[in-house]
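Read from first to last, the chains carry the letters A, B and C; within each, the first residue is number 1.
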Amino acid sequence: MWKYILKRILTLIPVLIGVTLIVYLIMSFAPGDPAITILGDQAKPEAIAQLREEMHLNDPVLVQYGRYIINLVQGDMGTSYKTKKEVSFEISSRFPNTLKLSLVAVILSVVLAIPLGIVAAVKQNTFIDGFSMIIALLGVSIPIFWFALLLMLLFSLKLGWLPSSGNSYWYSIILPAAALGLHGIASIARVTRSSMLEVIRQDYIRTARSKGVPYSTVIKRHALRNALIPTVTVIGLEIGSLLGGSVLTETVFAWPGIGRYMITSISGRDIPSVLGCIIVFTLCFSVCNLIVDLLYGFIDPRIKSQYS
Amino acid sequence: MSKIITEDHQEGEVQVFKKQSLLAETWRRLKKNWSAMVGLAIVVLLILMAVFADVLYDYDNVVIKQDIANRLQAPTSAHPFGTDEVGRDILARIVHGSRVSLEIGFLAVIFSLFIGGFLGAISGFFGGKIDNVIMRIMDVFLAIPGTLLAICIMAALGSSIFKLIIALSVSNVPVFARIVRGSVLTVRDVEYVEAARAIGCKNGTIIFGHVLPNSLAPVIVQTTLNIAGVILTIAGLSFLGLGVSEPRPEWGGMLSSGRAYIRDYSYMTMFPGLMIMITILALNLLGDGLRDALDPRLR
Amino acid sequence: MSNKSNNSASKTSAGQETQYELDIKNLVVEYRTPDGVVQALNGLDLQIPHGKTLGLGGRDRRRKDDGRPVHFAADSFPPGVIVDGTIYLAGEDLMKKSEQEMEHIRGQKVSMIFQDPMTSLNPVMPVQEQIAEVIEMHEKISNSEAIQKAKAMLELVGIPGERGTEYPHQFSGGMKQRVVIAIALACNPGLLIADEPTTALDVTIQAQVLEMMKNLRDKYDTSMLMITHDLGIVAEVCDTVSIIYAGHVVEHGTLEDVFDHTCHPYTEGLFNSLPNLEDRTAKLKPIKGLMPDPSNLPKGCPFCPRCDYAMDICKTQKPLRVYRNEEHYVECFLYNEQNIKEGGVIGK
């Protein structure tokens, strides 16, 4: 088992390197001269030229990339063009906020969605099933940023119950987490339901029934674990869209995370910051996917045998 | 009823069910699914709305022309959805916005479908080193969450429609590549392909005649669902100021400008958001319906 | 092991003596589908005396539909609806049982072996737990004791007890089926229903599994209903045979009766369609025509369209039951009280 984990981590490394390369190359096409961004429009041409030399901006792109990577593995993501502070500092001071928000959103999704999906499947074609699946369908169709605005409109501006921005109180996290988690709740519930329906039709469920096991026990003991396998896949996918969604949610609620930081950096042409944010996001995504993959091994003994 | 003659020369009658073509069969099954039909109807309406947008509202005079005197008007009979912060009719902008969303969304997905499908097909068919290299590259792109990649590309390249389409397709290429590759792998080693080879069919014939039709079903479903995702991404990008730029109307962009006025003029954020939701909902219903209709196990 | 002799002498509440482990009379089961009503069973009669094995033969395209009477063991009938008839298990009327009572009966008084061993076991549960489950369900013992018993059952079916902690995918098809058999026999049921238990298996494994089933059956004095299209298996394992066609028994008797004194044309057709080992150049003789559409059964004898001996009366009326001896009967217009004693299919 551990060999497999190690192998997966090792294959992750070239992928991450590839990601940094691609993102770096893309950002190198960004318009504007970094030296001008730092020094301002009024700076003298000589100062600009000198700064360009110091920052090695005249070197070929790949050389600059190489330098960036070497610094990156030492934890140095460069300096923000705007705040002049270390990018790694800017990111690490904001990252916990995004992490907190994402975790709450994920836990919310899973805890609400899986029971919902199970009930909908067991009571297929009844009112509960139809109703919850319509809600789920709406949930995957609503744009996150619009839902966030609606939540803010209702609970902040009209009702005044919850703050509309910032992270000042413990309950500030409620609205952003709800906005972020909606899509996850909806899609996880749908997959859990369809997966359960599939499992219920399987032969081994019939075998269990023929032993005289009551229906509710059959669901709990036999159906559930088998049905969770596709659900775990979707949870992995949701994490990806969660990361994208956090950018939008943080923007709407002015939540001090790296999503919002990335957007402000983009408008400020602060390339190292943007780069740093994307790399951190990608790293998170990959680690989460790895965890999800390993989770399979624990749930499904067939997969476990493949890796032992 | 058809006549059959058995081996010992007896005649009998047998009821024969004619096998319909895939298209007819799929349509028949889709028709039974009323939610999919609702989705289809809405999508058709949207397409019509986009096609006839110019007929309904003149672009230069109504959609982008500012009319400050009439700004921020609540919905009335003259302006059923109200006016925005510079006096433009919101309904007109929504109608034209559908053109933007549908055109760009459709193009982006078709683009990624062809590139991804092509890569997936050769990757699956030829296997070996080619497969390895292509899939590794796909993995790199898949490791970056789609919206973020689009944001990154748009941030770097600036907003033009063409660059937007590229930004949107890039993250969908690996998805299609995976699907097509998967189908190809399933079919490549199947007996009837071996048989085809045995009677001398060329690779090309096999790919187009046997392998690609096999991947048609999941590709169709994925295309429909991807268009929904792309439209959502376009809206998100425009909301952040990175997508379609003013004065062209785009639903996400309209939400963004409405945000500042949300407290007192909430209608500005209601209608565009509702449009996005209805569009995505319709596409999802259609996509789900297609998935069920094309499911080989239910045939 | 419970005392099985009780069953042969017990009385029902109506005071009748029940010698049968399983007694099905005139069972009519329909499937109500959106496309129409399908007659799965048309007045099925089945009697299995205690300790005996009945083979349910006949080559039906929709095998499972004919096996539906046995699915009362597994489910409470969906999607079929019982329209008429009675089912008595060891003297108890199953139609009158509540779902909870049925759950007590399943696994303990009657258990079932299904056709496909590859999918009959839960892939994420160790096999000993799957066996222990049925034991714990019906006996008040602790989990560890149940596991011990489960291991003993594994040994009984020829699998080392230590392998109990393994998962189904780690076993071959034949071994999986043995596990299924172990589950079925763990609580010592009075009736075991086997639905094509060896069809999915390799022929050599088939022989082993059948042998094992016979031994266990003899050891525990279990009655058995063996549903199979393979007449060879019927000959190996069964005491009596019922030949089913279109959801109805057309011929029934002991092995000797049906194999040596075949009466019904369908049964004759079944035997004829077996390849002849001695005469290798003889042509195969299939039964002409196709199975009738269960949602649209013909009037009169259902086998009439395919019958070599069909007469006019066969098209319009359903044949009555004619007995050749105490056990052997056939439903066919070829026979009456007199000529049936002469044996063989008339008109050959």
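The rule is simple: a residue touches a chain if its C-beta (ideal position, glycine included) is under 8 Å from a C-beta of that chain, and two chains touch if they have at least 3 such contacts.
For clarity, every value in this text was computed on a predicted model and none was experimentally measured.
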Request  = Please find the two chains that have the most C-beta pairs touching each other.
outcome  = A-B
Message = Among all chains, whose Cα centre is located farthest from the one for subunit C?
response = A
Message = Between subunit A and subunit B, what distance separates the C-alpha centroids? Give it in angstrom.
response = 23
Interchain centroid distance [CA atoms averaged], subunit B/subunit C, Å = 52
Query = Distance-wise, how many Å sit between the C-alpha centres of subunit A and subunit C, to the nearest whole number?
reply = 55
Key: Residues of subunit A touching subunit B in the complex   = 14-16, 18-19, 22-23, 26-31, 137-138, 140-146, 149-150, 152-153, 157, 240-241, 243-245, 247-248, 251-252, 262-263, 266-267, 274, 278, 281-282, 285-286
Remark   = subunit C contacts subunit A in the complex at 73-75, 100, 102-108, 111-112, 114, 116, 119-125, 133-134, 137-138, 167, 169-170, 180, 183
Query = For subunit B, which residues are in contact with subunit A within the complex?
reply = 136-137, 139-141, 143-148, 151-153, 155-158, 228, 232, 235-236, 239-242, 252, 255, 259, 262-263, 266, 269, 272-273, 276-277, 280-281, 284-285
Remark   = Contacts from subunit A onto subunit C in the complex sit at residues 202-204, 206-214, 221-222, 225-226, 299-302, 305
